[in-house]
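Paired with subunit B in one complex and with subunit C in the other, subunit A is shared by the two complexes that follow.
Right, the complex of A and B next:
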């Protein structure tokens, strides 16, 4: 009797959550799929009473779109470059942090600091650091007033100032800045998770290895990495998922132009493409792009999980 | 006789060998330590540098900022940059908007999360496990997929440029429900049954027993939710980009559209510092709760 009385109460408690989910989660899933398969669907035209036919036109158009391919390239490049770098660096830092006693807490706090920052705000700081103040970029009359602190450092070590993000900067330079910023931004979460994992490893394994006289490198590759592999897999998977959704960090550095002044949109990503399509009322194309993004994330996650199934020791 | 004479000398030789090895090992250990600290301090320096540069730049006069040889601490400290930034970006209005949205959405979100987590953790009803699995499955879908339709929905509801549009669509977080449910499940069921026998109502039990016991998780959720309001950019920019409802991150980007070239960086950096300050305070005082919540999520803000 208590059970049956609970039934309706449970649904009552769940009702605010379920109603909101129906409106803002379940319906969007259905509707987005619907819009993706309606040829050239546009919210504005639909409101005007236009009827759209079913088809795959949105997908084929999106895929053939040059801008989309460039967005896809940027997203994949940033992912493939930043995830390994940030994971490796985070692992290195976590292992080092775990093997010291003095200053451990202080350093741990410092390394977590970038997490609680605003990616737009700190992106603006990075822009200031890489920026050059001057005029007539790329011409003979180029005039540099302030080279920016990063270029100052490069010049200090005898290099030449590089045009990182200004008018006339190269794609490689732009991407380098983005990689530095994204890695900087990604480190705290990865260090936190990996350090948590390291601290959870039973000390007995290390003691046993020490008694056997195992070398440091062997201890690292045969004990630390295997026992840490669930955390590593977790960090890599979430890193890829986050990486494919990269957008605000680029807005932080380059502004809404998504590229240097002379080539706006050069660094646009998948998410940026979706919002651009939405802004021009091309919901059909935006939906198709969102589904493609979802499919990519799903496939990459499944591959990651498949790989970790073979490699991860639980 | 001979044997006894030899033995001690052999022992001392071994001893000497071992002490030699020990000093060698000790030297290696110290070297490794030095290397470890050098690496960690270098990385810490890289992590902290942007913050230092932000504050350093924000206190300079524009002329000093433009010097071709940078100064590592302003010769002439100019605090007026902060006042200028505050008015230039209309930060007061942005702060108020963000706090209103943050506080209301946190309170409502907590209520919804607590009720749902309680139902999933303590109550029995048909299809509970299927429903919970379905909820978790939605976490895999990228938010952009929802945004496209939600943008249309809120337009039709006439919510564009209101506080409602910034609050309501994000009240339910499956991740928070999951987090709290796990926490609730750790509380022994006997307590609940005992309360039932005593005739305590569900709400009273929830309020008196479950919520106090799950306080750390609730605090984590509160902080993450507030930080979410502070850092959200894409959705607010899309649906509430008017002067009266603009949120802080969007407003900051909006006020300083130029990122490169010869812009007034000291003022821009002062604005960035002002926007970052509340986050630092939260970090300093509530770090423990953030780290606890974050290590289980993988989502940023």
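Right, the complex of A and C next:
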């Protein structure tokens, strides 16, 4: 134990870190809560000397926004669709990677590349892949000059080019692109965690199962998945948390319009809603929305942990 | 089920392609394990004993030679079709399953005509658990069991599918000394009760000697000697086997045969008939010394350790290869602890002579083969 007369030294050494945390983490959190409960709080008006009264107005206003509901819907939809798909694919790829010897390191590196690539850059590449260039602004005699590689492939196999992200595209097409992009973007981290988990499983369990004549499918479902369950739970929980904070991926593909040219904001998410509120100097509403997002993530995580308590072994 | 190995060889390719040194882990093993016996594969680490076990099991394929179970050639059969039960060194119990689920796991894999009903499975599971006396622990997880209990669960899991051959890899190495004694009795009991041909691997000679019907002593991938434990102990074929078996270990001296007599250093031990003159190693088992005022072997007395029934006399001899000469003598024979020297007579059947060059046994007089 540190003797009491030297305790001030310990605090001294801790102080740079503590001060930074207080200024940049603790205070913003407190301030967010404060602003959320001040009616119609605005940074500009506050600077002008206006005094705000306490109340829940920000919250009721946020919830009544049609835009907010659409943002919430987009966010939840993307989460619920992408997390299971990406987790399942990551598990599959990790198991495959783990079972091969040749090229394992090379493939591992390739699968990990998206993780170290800027997500805006990836978004732009994806946008180019799904893009169409030409006059298709609702006029007759539309002429598509070039199509992205995805449409080229579809046409190669005799299909019709689909308007994925451009003017006049459908919501379903937009969401499909987002799901593909987000899943692809989420894979590397999940593969990395699951592969690490797989490599940590003692080989003797597999030898024992082999001696007992266990089928491959049963080895996977009765041994691999249960022994991997702590990693799976981790991947799912962090996946949901990340999913609720989805924003840059949409900017990457659709730009700041957060939707196709004819329907800006169609794919906006919770975080996007908060940014928009900030841009109009409505810090009160932004704070309220941030707290609502926080509450949702908290509840979903608690549910996840409750489920994993029952399903995660040891 | 009789297990027969014919010229079984296992070569591991070199890890580094440039240095073309292959590792011969098991070199031309030929031996037969009789039906219903408990056999110990014994040797220091790296002698190929575990590799041999895994080849019998089927987890590793021999590079050459054949393995038979009874009359069936199982060399190319995968482990699941051989009918073997394997107990791993660290037990490899599935941590997420209860004891019952662990033991039942092999039964649930059975397919086709072997498929069992749920009741039959539970019954067999309970039977196996009772055999190893863990039927009160069936609902626990492996992490809630002691090492000895985990060991029993592993044995039950290996036995539940009624294997033709039971294989145990270092079954006692993860247990503490007390539990080791208990468990080895337990393994012997279970083996005798089930009558399943059992092969186990150990580096501990005491363990192997105490429960095996037959031991196979190996060194660096080569079989040194096969036989009943007492036979191998009394009649080792070379210096390695003599030194490997027995606690305290055999006392080894440099010596020579000159003019029909065996010498240890300058001490003229006994006549050896008409053997030609040669340099030798002389091994004397600790129990082969008799303190005797005019005995031929003169040692410098260090100290005497009293162990109740016996006393252990620690002394030194200029020709001794071991740092000290340790003898175990009956406590009834008085030893003068204040004396500088102690003289011994040697029991002839506890005296082993080996060629200095080849380290092979030289048989003296009547015991010659």
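Convention: the second predicted complex is superposed on the first by the 307 of 314 C-alpha atoms of A that agree within 3 Å, B and C clash if a C-alpha of one lies under 4 Å from a C-alpha of the other, contacts with A are read in each partner's own complex, and residues count from 1 in each chain.
Rule of thumb we're sticking to: a contact is a pair of C-beta atoms (placed from the backbone, for glycine too) under 8 Å apart; a residue touches a chain by one contact, two chains touch by 3 or more.
Note that the coordinates shown come from a computational prediction; the quantities given were computed from them, not determined experimentally.
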Three-chain arrangement built on subunit A, subunit B and subunit C clash or fit: fit
Look at A:57 in the shared chain and tell me whether it touches subunit B only, subunit C only, both, or neither; answer first, second, both or neither. neither
Pick one for A:147: touches subunit B only (first), subunit C only (second), both, or neither. first
Who wins on subunit A residues touched, subunit B or subunit C? B
Just checking: does A:189 make contact with subunit B only, subunit C only, both, or neither of them? Give me first, second, both or neither. first
Under the stated touch criterion, which partner chain does A:226 make contact with: subunit B (first), subunit C (second), both, or neither? second
Regarding the shared-chain residue A:247, is it in contact with subunit B (first), subunit C (second), both, or neither? first
Consider the C-alpha centres of subunit B and subunit C from the C-alpha centre of subunit A, and write down the angle between them to the nearest 10 degrees. 60
Which partner does A:124 contact after superposing on A: first (subunit B), second (subunit C), both, neither? first
Just checking: does A:204 make contact with subunit B only, subunit C only, both, or neither of them? Give me first, second, both or neither. second
Tell me which partner A:259 touches in the superposition: subunit B (first), subunit C (second), both or neither. neither
Could you grab the smallest C-alpha gap between subunit B and subunit C in the overlay, to the nearest Å? 5
Interface residues, subunit C side, partner subunit A - complex: 57-59, 78-81, 84-86, 88, 90, 92, 94-96, 105-106, 108-110, 141, 143, 157, 161
Which residues of subunit A touch subunit B in their complex? 2-3, 6-7, 9-11, 13-14, 16-17, 20-21, 23-25, 27-29, 31-32, 35, 43, 89, 92-93, 96-97, 99-100, 103, 107, 109-122, 124-129, 131-135, 144-147, 149, 152, 165-167, 184, 187, 189, 192-193, 196, 234, 238, 241-242, 244-245, 247-248, 251-256, 260-261, 271, 274-275, 278, 283, 286-287, 290-291, 293-294, 297-298, 301
Note: in the complex, subunit B contacts subunit A through residues 33, 36-37, 39-41, 43-44, 46-48, 50-51, 53-54, 57, 65-70, 111-113, 115-116, 118-120, 123-126, 128, 135, 138, 140-153, 168-172, 177, 196, 202, 227, 230-231, 233-234, 238, 249, 252-253, 256-262, 265, 268-269, 272, 275-276, 279-280, 282-283, 287, 290-291, 294-295, 298, 300-301
Subunit A to subunit C touching residues, read off their complex: 202, 204-205, 207-215, 218, 222-223, 226-227, 229, 313-314
